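Two complexes, one shared chain (chain A), two partners (chain B, chain C).
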Partner chain A sequence: MARQAHAYHMVDPSPWPLTGATAALLLTSGLAVWFHYHSTTLMTLGLILMLLTMYQWWRDIVREGTYMGHHTPPVQKGLRYGMIPFITSEVFFFLGFFWAFFHSSLAPTPELGGCWPPTGITPLDPFEVPLLNTAVLLASGVTVTWAHHSLMEGQRKEAIQSLALTILLGCYFTTLQAMEYYEAPFTIADGVYGSTFFVATGFHGLHVIIGTSFLAGICLLRQIKYHFTSQHHFGFEAAAWYWHFVDVVWLFLYVSIYWWGS
Partner chain B sequence: MYYKFSGFTQRLTGSAPSTAYVPQGLRPGIPAESPAMVFATPTKVVSEVGTTVEYLGANKVPDLQRIFQGNVMPVHLKMGVPDKLLYRTTMALTIGGTLYCLLALYIAAQPRK
Partner chain C sequence: MRLGPTATVARRAFASAAAGHGSHEGGGKTWKVLSFVVALPGVAVCMLNAYIKKQHHSHDSPPFTAYSHLRIRTKPFPWGDGNHTLFHNPHTNPLPTGFEGPHH
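And then the complex of A and B:
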């Protein structure tokens, strides 16, 4: 094999951008076909193709980093610089929903009764389950930091246990949110209160589920399989950053929508 | 307390004793003098792996590293038959799906009867 004289990762030609782009085409066209002809075939095809692409693309990144040693310190720095704008873009995604919420709630229109929460809406009590949810997410932020420190100190068993605990807390949060949704006295169709509430908290819930799968399906599994060392575990750090981001978004949701907004 | 230079923050950060002697990304130009050995107290070996080596299965990473590094195939086909099967299924879905999609869009573009 030829010797490499630099620390940068020259990637192999990959089929995944092509299959991923095709999956996007099939999903969007499939959605249109579903709406117009009540057939979900094309959309299902697109979904399967997207899942296959996700699995194989990320599997290859793990192979390049853990098995082939391509993730040298400068390459890891590049990965960090990639994760930062990704999370920033997610922040702006949520900013849009907060904007919609404050636009509607700071100057409630006469149609809403000129007040917030609008006339006829009984909001959820912020000091019941939502407060418990806040505590659960804050606790999971602690356990993910515990996992990180265990990882850095080479405490394998402790890292696995604290990571598992973080994942359990994430699942508990999702369960509690599902129960809240089921019990809520208003729906997404109940005017601007319902739509801003369910779109903002719903997308947050989706991000909790994504973060939990990133921690459980990828990081815990990789930690059990000895992929992370005390020096090199950026995959875990990226998941932890993402988890903290989800945590912070919840704090803003809790303070503005659940507490101030009720 | 031991320190190492963090390439990311460009500052000193805390580190494990083992890494303080071999900082990441630096190769010692002059061989460091090993400290004089002390035999008076029981020797403690600082190990990356720790004591729970076999907790939840054995470490297969070194074997996999050997397999992956001694192999000229592109990264998505390095594991042989299972990789090839998965890749071909994905490619078949890509080509078949595109044709089906174009057909569906063509039919959807026809005026209603």
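And then the complex of A and C:
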């Protein structure tokens, strides 16, 4: 092999961008087919291809970073510079839902009764389970920082324990939200209140599930398998950034939709 | 590199400060204490609060009114009979025609 005189990662050709793009096309067209023709075949196909792509692409990256030594400090810097615009784009994704919510709630139309919450809507009490959910997510933000410090100090056992605790709190949040969804006296079909509520909190819930998987299925497993060192653990940091982002989105959801909006 | 005594002292101070920052001794302990003394008790208090408030709930749903801005069905849902939402609860979610079952 030729000697490489720089620290950058020259990636090998990979099929995953192609299978990922195919999965995206199948998933979107599959969703449209499901909505219009009530057939889930194409969507399921897209979902399977997407999950296979995610698994294999990230498996390759873990191999390149952990075993092949491609993630040199400048490459890690590049990974950081990639994660920042990704989370920024997620911020704007949620900004759209907040815009829809405030557009509808600040000047409620006569059709809604000219009030917010609209006539006939009984909102959830923000100081019951939603407050508990706020405490759960804030607590998980503390435990994930404990995990990060344990990792940096080489406290292997404590890092595993605190990471597991963070994941448990994430699962607890998801369970509570599922119960709230079932108990809610309104549905996604209850006008603009229902649609703004369930689209915003639903996408947030999806992000909590993704964040929990990132922490549990990838970071905890990799920590147990000795992939992380006290100096090199960007995969964990990316998951922690993502988790804090999900936490902050919840605070905005809680204050505006659950509290002010009720 | 030759340095005067002042520069050497300053450099040593910077080096030890950087080392102290880098090893981060105690950071893990602080966050562990915060987890067990602040975060988790906070969750416990909120659990208790949610539980106590739930006890005072009345189980009566408000009487059904067929508002045109609620229970919207412009086309059937792609699941089930197309008339029930994904998290449908027969006790709290009426259909466009009213609650299902005899008890309402």
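List of remarks:
Heads up, the rule we're going with is that the second predicted complex is superposed on the first by the 251 of 262 C-alpha atoms of A that agree within 3 Å, B and C clash if a C-alpha of one lies under 4 Å from a C-alpha of the other, contacts with A are read in each partner's own complex, and residues count from 1 in each chain.
Convention: contacts are C-beta pairs under 8 Å (C-beta built on N, C-alpha and C of every residue); 3 or more make two chains touch, one makes a residue touch a chain.
Worth saying up front: this structure is predicted, and the values here are computed from it rather than measured.
Touch criterion met: A:Glu64 reaches chain B, while chain C stays clear of it.
Touch criterion not met for A:Ala238: it reaches neither chain B nor chain C.
In the superposed model, A:Ile48 lies in contact with chain B only, and not with chain C. By the touch criterion defined above, A:Cys219 lies against neither chain B nor chain C after alignment on the C-alpha atoms of chain A.
In the superposed model, A:Pro73 lies in contact with chain B only, and not with chain C. In the superposition on chain A, A:Glu153 contacts both chain B and chain C.
Touch criterion met: A:Thr119 reaches chain C, while chain B stays clear of it. Taken together, the two structures place residues 152-153, 155 of chain A in contact with chain B in one case and with chain C in the other.
The touching residues of chain B, counted against chain A in their complex, run 7-8, 16, 19, 24-25, 47-50, 52, 55-57, 59-61, 64-65, 67-69, 72, 74-76, 78, 86-87, 89-91, 93-94, 97-98, 100-101, 104-105, 108. Residues of chain A touching chain B in their complex: 1, 12-16, 18-19, 22, 25-26, 29-30, 32-33, 36-37, 41-42, 45-46, 48-49, 52-53, 56, 60, 63-64, 66-69, 73, 77, 80, 152-157, 160, 224-227, 229-231. Those residues of chain A lying in contact with chain C across their complex are 34-35, 38, 111-113, 118-122, 125, 127-129, 131-132, 134-136, 138-139, 142-143, 145-146, 149-150, 152-153, 155, 158, 162, 165, 169, 181-191, 194.
On the side of chain C, the complex with chain A involves touching residues 23-25, 27-28, 30-32, 34-35, 38-40, 42-43, 45-47, 49-50, 53-54, 61-62, 65, 67-73, 78, 85-89, 92-93.
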